[in-house]
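My questions will all concern the structure given below.
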Amino acid sequence: MVKFDANFLAETELVYTDGGILAEFSWSLVVLPFVAALFITFIGKYLPYKGAEIALGTIALIFIYSVSLMFIHITEGVASEFFVNVGSIGQFDIEFGWVVDGLSIMMYFVVGTVALLVFIYATNYMEGEIRYTFFFTSLTLFAGSMLVLVSSPTLIQILIGWELVGVCSYLLIGHYWEKKDNSSAAMKAFITNKIADIGLMIGIIILALNTGTLRISEILYQSTHDYEKLSKVAFAAAILLFIGAMGKSAQFPLHVWLPDAMAGPTPVSALMHAATMVTAGVYLLARMFPFYKSMAPEALDIVMLFGVITLLGAGLIAIVQDDLKKVLAYSTVSQLGYMVAAIGSGAYTAALFHLWTHAFFKALLFLGAGSVIHAVHSNSMLEMGGLRKVMPKTFTTFIIGTVALAGLPPFAGFFSKDEILASFNHEGETTFFFIAVLGAFITAFYMTRAVSLTFLGEYRGHGHPHESHNMMTTPLLTLAVFAIASGWVNIPGVYTGFTDWVTTRKTKIVEYHPESFDLFALSSGLIAGLLGIGLGYYLYQLQGSAETGDDKIKIQPVWTVLENKYYLDHFYFRFIIDPIKINISKAVDKFNTNVIDRFINGVGQIASLLGGVVYNNLDQNGIDRFLNMSSSGTDSFGGRVKLLQTGRTQQYLMLFLGGVVTISLLILFII
Amino acid sequence: MILDLILPRRSKYYVAAFALLGTLFSLAPLVVQWVNYTNPIYAFEDSFVVDKFSIIFKGLFILITYLTFLLSINFIESDKYYQGEYYYLLLSSLLGALIVSSSRDLLTIFIGIELASTPMFLLSGWKKGDRKSNEGAIKFFLLGVLSASLILYGFSLLYGLTGKIVFSEISTFIINGALQSSPVLLLSAILVISGIGFKISIVPFHSWAPDTYEGAPLPVTAYLSVSSKATGFVALIILLTKVFSSAGESWGVILAIIAGLTMTLGNLVALQQSNPVRLLAYSSIAQAGFILAPLSVAGITGNFQDGIFASVTYLIIYAFMNLGAFLTVQLFSNHAGSTNFYEWGGIAKKSPITGVLTTIFFFSLAGIPPLGGWFAKFVVFRSMLSTGEPIGLTLGIVGAVNAVIALVYYARISKVIWMDELKDVDSETSFKFESPLKVVGVFTVLITFISGIFPGIFSYLGEVSSIFFGN
Amino acid sequence: MEILTNGVGLSAVVFFPLVSALVITLIPKGQEFLIKVFALVSSIITFVFSVLLLLEFDFSSADKLQLGNKISWIRSINANYEIGIDGISLPLLVLSTFITVLAIIYSIEHLPEPKSPKGFLALILVLETGMNGTFVALDLILFFVFFEIVLLPMYFMIGIWGDRTVRTVAGFKNQIETRLYASIKFFVFTLFGSAFMLLGFLGLYYRGNKTFSIPELIELGSAGAFTGTFATLVFAVLFLGFAVKVPMWPLHTWLPDAHTAAPTVGSVLLAAILLKLGSYGFVRIAIPILPEQAKAWAPAIAILSAIGIIYGSLACLAQTDLKRLIAFSSVGHMGFVMLGIASLTPIGINAAMIGMVAHGVITGLLFFLSGSMAHTYHTRDMGRLGGNMKLLPKTGALLGFTAMASLGLPGLAGFWGEFMALLGAYNPLDGLNVTVFRTSMVAGAVGTVLTAGYLLWMLQRVNLGEPSEEWMDKELHDADAYELAAWIPLVILTILIGVFPKLIFGATNDAVIAMLSKAFGG
Amino acid sequence: MIVQPVLVTAAALFSLGIYGILVRRNAVMVLLSIELILNAVNINFIIFDSMLADSLMQGQIFTIFIITIAAAEVGIGLAIVLMLFRNRQTANINEFDLMKW
């Protein structure tokens, strides 16, 4: 039941080089951070900047390298992969390696850029914080792990990068582990991802064993040429992989870890939400897209469904949040929903395009939020407000990020979101299209709410906030530029370079990307955005203020449901975690000590008990008992007494002769 | 040959040293015989034979006696005993054992058995003042005499049945007369087995053993548990193979049952003991079960070579490790002045060497590699399973379980002496480890290890001796 | 080098420790320093020997038994001193010599009470002889002897130097010191298994025309010499013998007690090497000699392993005692090993091999750390610990790292064992019930989550958070030079194997493939 | 010649001995009962000897040996009993239960 569209295999007209020396050495991209991390850990403390300089240097190198890769890729197009065998098991070759093609180069670039800026920002933001050096170690590792993931030509390496990212997130989210909540949040993130990883793991196992290889390119090739091997398991594998993606890319219902992950320092959130962690899922889906497209189109529908659910659900929650970072977190979740849904709808480029733009403006927003929080020492928007005057740079950049996210032209978000809408429209997914539009509206609304609560109105906090240090504002400005311009690389009908960048691969993917603007989609998206902003501005500025704004839209019980995040966490803890952690495990332990052990000890005791019985009753004075029994009825009392007194020598004699008699009876009459 | 019999006699009234020399010296002819051995030498109309089997056991007996002397020296000197008689009696018992090992007719073997056991009656009561000793003696004696008379009765029946007293003739007569299953033969077999069963203390003829062991002087106990047992087994092997071999099926089964019972009961009861000597007594009962098992299987399958090979090998290895065990018990109980080993807590710290020795011997008895015991157990298992006989298999499983049970109480002693807290009851008394005992320790330990690591030597002895019963 | 190839070298690796143990017993008690140095040196020499063998080993023919020799040992029962190593035993052999060195380094400064280096170190060396011997033995009797030699030293290590806390034991009226209970339990359990194993060996001996030689028996077995109820029985008893050692559920209960009671070094060696004897026995003896029975039993083994994985992890979640938790984690990890073995595929058994080594390295390190922490804090109760990262930064960091490795983090040694075991279990040998194996695979995958769960939870309780008041004023010493010297190598090894599994697969793969193709054809 | 009756007598003697062993409390009496058994054996040997007309007279030789040995054993036995009596002022074997658990 393989759906297969003929023009799928249309060989691309673009030409590639193998990228030459530059591509050959891109392994250094992956290795560098780890080496650096090592150095930071061990000699970092003794350096003037506590190791931050090493981290910065490394990430700068990576940035430069990715830029140069980007350059040659744009100019001549690169597609090549390299393998290193690290051992063979059975017929399998376990290979690491690195792939240099449009997709990964794009990711290199995103990671490089965002990471660089975040690092610069962090050097100042984390000034004087506890475990400063270690923070940079894990931050570097974080970036490195992401590079492992995106550079991987084999599924096994993807898995490795995947989990490494998870661990680094654990380290970073739990950075302030003195407080139990933080370490719990870290654990939550790790475990949730681990659960999702089961899906990924089994998916990989299925693919590997049915194709006989771990190389992605091989698998993709087979999935487009040799259907027999995969057709039976394709759907299962596709779904399982998607489960893995749900974990990292925080799709409903596995998104619960991401908001809690705000426990980490803000730069971490920025990096995590923009570049490194949450994009992994989308990246995986994109990487495996040809497989999905040709082998498991049904799976794509499911992917789309979840994407849409996520984008709406998370957006709604974002409305009710009072914690600035939480608002951004949920917006991330919902934006990821967009990307996943886009992939589901078959709009490969659109998804990646949104990933690309989102990376920049979301990083911008988080760093902005960070700068605010740094100033007011609080996450709660109720203790902010009126910061427009005191922190102009932050304000402007934040506004830029907001409109980019809300999707107003000519900002980045506009183009990417529009392309997604357009492809929905083109695919004829009308309901999903409107949900997406609604999502756009919601996005615009809660961002406006956030802005007005944070920057407009009067200051409600304590202390005297002030504009942040240049080390923090410079990255903001830089990102602002990206937030404005990064969308211009893929304007339908004008310039669609991005499409070519990310599609330059061995087998070209035939998927819809609009030649010109889809006016319907465009207008609806735009209107939704404007409405959202308008409503927000109306509620929180014109009519009343931050305090009163919420009341007008507090529709019980919807509001409560949203505030409790649809009770998902309650459900998980009440019905899954606590039972396992408390009841079941206790039961197992009890079973161990009270059933198995008791049994074992029991056997031992029975043995020695038996010994006692034999010793006292049979071996030593058994005859007594015997005689007493026999004599009790017949003999006279005296006789019995006498018998009771029988000492042992005679018993022995009796036993002896008794033995003889029994044996003779046995031999003579039985055998 | 004759020298071999006479020499011990010579040394009757002299002191220990001479006895030692005598015994040692009497090894010489054996060696000579072994070296230029051609084929069995028969004397007194086939009633007395010298084959490798007998030579091996003569060697064993003499060595054991020698070690027993060494054990005894200090012991005897410590109290005022009649030394001369002591050695004399031991030697004459030895002589009996020697006779048994090469006797080939009813009369000789009977005389041998009597000669071997009668002195022990006295020796077991050697501690005149001690009631326990007397008591042990009388029980031992009464049962002993009873067993002797039973054996005799069996012999008389045998004689009546066949009119012969030389084994070879008897067995031929039986076979020719097709008397394998005649009740008389079986009855005599039963009587003989029971009689000897007393000497090798198998259930249900074992009950004297614990008391007598506990009562008798330790060296004597050691001798009883090793040499007398060996003598009994030698006699049993000879009789079963040379006389009753044709009726194997019937007594085989019985012996198998007895063996299983003996192991199990011995081990289970040993779990209960707190007196090391009683513990060893029961353990030696259990061991007897192990030695008996291959014979029984052999009886059933008729493949005597395997069975005797196993039994003999076991016997030889067992002899030395058990002697060693008694040695260590003697040392510790002397030191602790208590015959309840639960009061020996941490005593090993006083004399690590003895502690190590104890550990070695007891775990060897438990059959833990690389100590000799494992090989003994191994060959026994081997012969049990040799022919996939259901009875053999059952015995094998019973044996395996028993091996585990046994471990518990063998390990218990090491546990007490090593792991428990040191009770400073007599911390000031320095640990006595006299040189003769040292010799015994070294000798037995060496054998225990060698037999564990290079069992080839001992299995060779077993193999050789088994050849003479291959029929 | 002639001396290496003709089996002398191999024998040296086995018996040199024993000899030096004897020498140590001759050194007077007073000379503690001399004793320690001597023990250390001899263990290092042994390790060097094993490394020389490693260099001498011809990896191109890793499926052949090499560097071995065959001398008549017990002629009358046709048991020979037959030794040799192939790709399967080589890694384990080297691991065992390596871990022993580390154990002795650690013991130099950290002797458990009652301190008596003489006995302790001598026992360690004897133990090493047993372990190495088991890995090189190619004769069932020889194997059995070495297999058993291990018991005594470990028994005394637990019994004498073990944990002295008094506790009640289920089913016992009066309380008993942990060490005493644990030691005898360990001893009896293992002996119970091996007593029956011996019967099994004898059975093979008689059916396999009176040879104990493993290679010959393998030939016979692959030729189908052993069949019917006989073979089933034999496999059953072999299974009993090995499964107790592994340990497989439900024969595992000796493990937590033994580990909890044992002194640090003891539990390290126990976890790192002794447990491997069992799984090694399966790979070396049970499967190749009785392929058909192995096939028949595989589903059962797989199910038991799956139970073991889940059960172990769940039990871990309930523990409050640090060492006990790690002990139970061993049950889970060995479950993965056995799952791999049960799949009877090259992938699965390779996974088992690397899993053994990885578990040896990682859990060994975990026990080192927990032992040293227990020694520092005088408690293993995780309720009282906490903020370890602040109190003992070095130890804490290592603990964190090791926990990550233990939960199977990719890029570290633990990952390959788990992932590949699951990979193998997905497609077991043809003719095996696929559903059973896939179910067990899913169970295993769930197990990985639980594993992550209890390890992170352990970290949270032990490492993270603010240290409780009771430690504030106390003088707590962090890892010292000896400890680091013993631990760092393991860390490095963990990373190396994780990044470059070829270190193990390079040796095992050919051997495993050859073994399986001989056993099951194809 | 008549064999059965004699054999029966011997058997009776034997059983008598056994009975004595079992019921007699006095060590000396027990000893004597054992002597009875031995005598039963002797009778057996003699009668068999004559029945079979054994040229070697093995039966009779055997008997002689037995008598000697019996004598020796009685000696030993009495010695032990004497010793006991000296220590315990009694010869009742059933009072010798010092080692009863």
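A few comments on the model shown:
Lettered A, B, C and D in written order, each chain numbered from 1.
Simple rule for what comes next: contacts are C-beta pairs under 8 Å (C-beta built on N, C-alpha and C of every residue); 3 or more make two chains touch, one makes a residue touch a chain.
All figures in this text were calculated on a predicted structure; none of them were measured in a lab.
Two chain pairs are in question, B-D and A-D; the one with more C-beta pairs in contact is B-D.
Relative to the centroid of every protein C-alpha atom shown, the closest chain centre, again from C-alpha atoms, is found for C. Inter-chain centre distance (subunit B to subunit D, centres taken as mean C-alpha positions): 26 Å.
Put simply, the C-alpha centre of subunit A and that of subunit D have 95 angstrom between them. Rounded to whole angstrom units, the spacing between the C-alpha centres of subunit C and subunit D is 65. For the pair subunit A and subunit C, the distance between C-alpha centroids works out to 34 Å. For subunit B, residues touching at least two other chains, in rising order: 138-139, 142, 146, 150, 211, 408. Annotation for subunit D: residues touching 2 or more other chains are 21, 93, 96-97, 99. Touching two or more other chains at once are residues 188 of subunit C. All chain pairs that touch, listed by label, are A-B, A-C, A-D, B-C, B-D.
Note for the complex: subunit B touches subunit A at residues 138-139, 142-143, 146-147, 150, 183, 186-187, 189-191, 193-194, 197-198, 203-205, 207-208, 211, 249-251, 253-254, 257-258, 265, 267-272, 405, 408.
Residue ranges of subunit C in contact with subunit A, taken from their complex: 169-172, 185, 188-189, 250, 253, 256, 311, 314-319, 345-347, 350-351, 387, 389, 404, 409-411, 415, 419-420, 422-424, 426-427, 441-442, 445-446, 448-450, 452-453, 456-457, 460, 463-466, 499-506, 509, 512-513. On the side of subunit D, the complex with subunit B involves touching residues 14, 17, 21, 27, 30-31, 34, 37-38, 40-41, 44-45, 47-49, 51-52, 54, 58-59, 61-62, 65-66, 69, 72-73, 76-77, 79-81, 83-84, 87-88, 93, 96-99. Residues 25, 72-77, 119, 141, 144-146, 148-149, 151-152, 155-156, 159-160, 179-180, 183-184, 187-188, 191-192, 195-196, 198-199, 202-203, 205-206, 230 of subunit C are the ones touching subunit B in the complex. For subunit B in complex with subunit C, the touching residues are 309, 352, 356, 359, 363, 368-370, 374-375, 378-379, 381-382, 385-386, 388, 396-397, 400-401, 403-404, 407-408, 411, 414-415, 418-419, 454-456, 459-460, 462-463.
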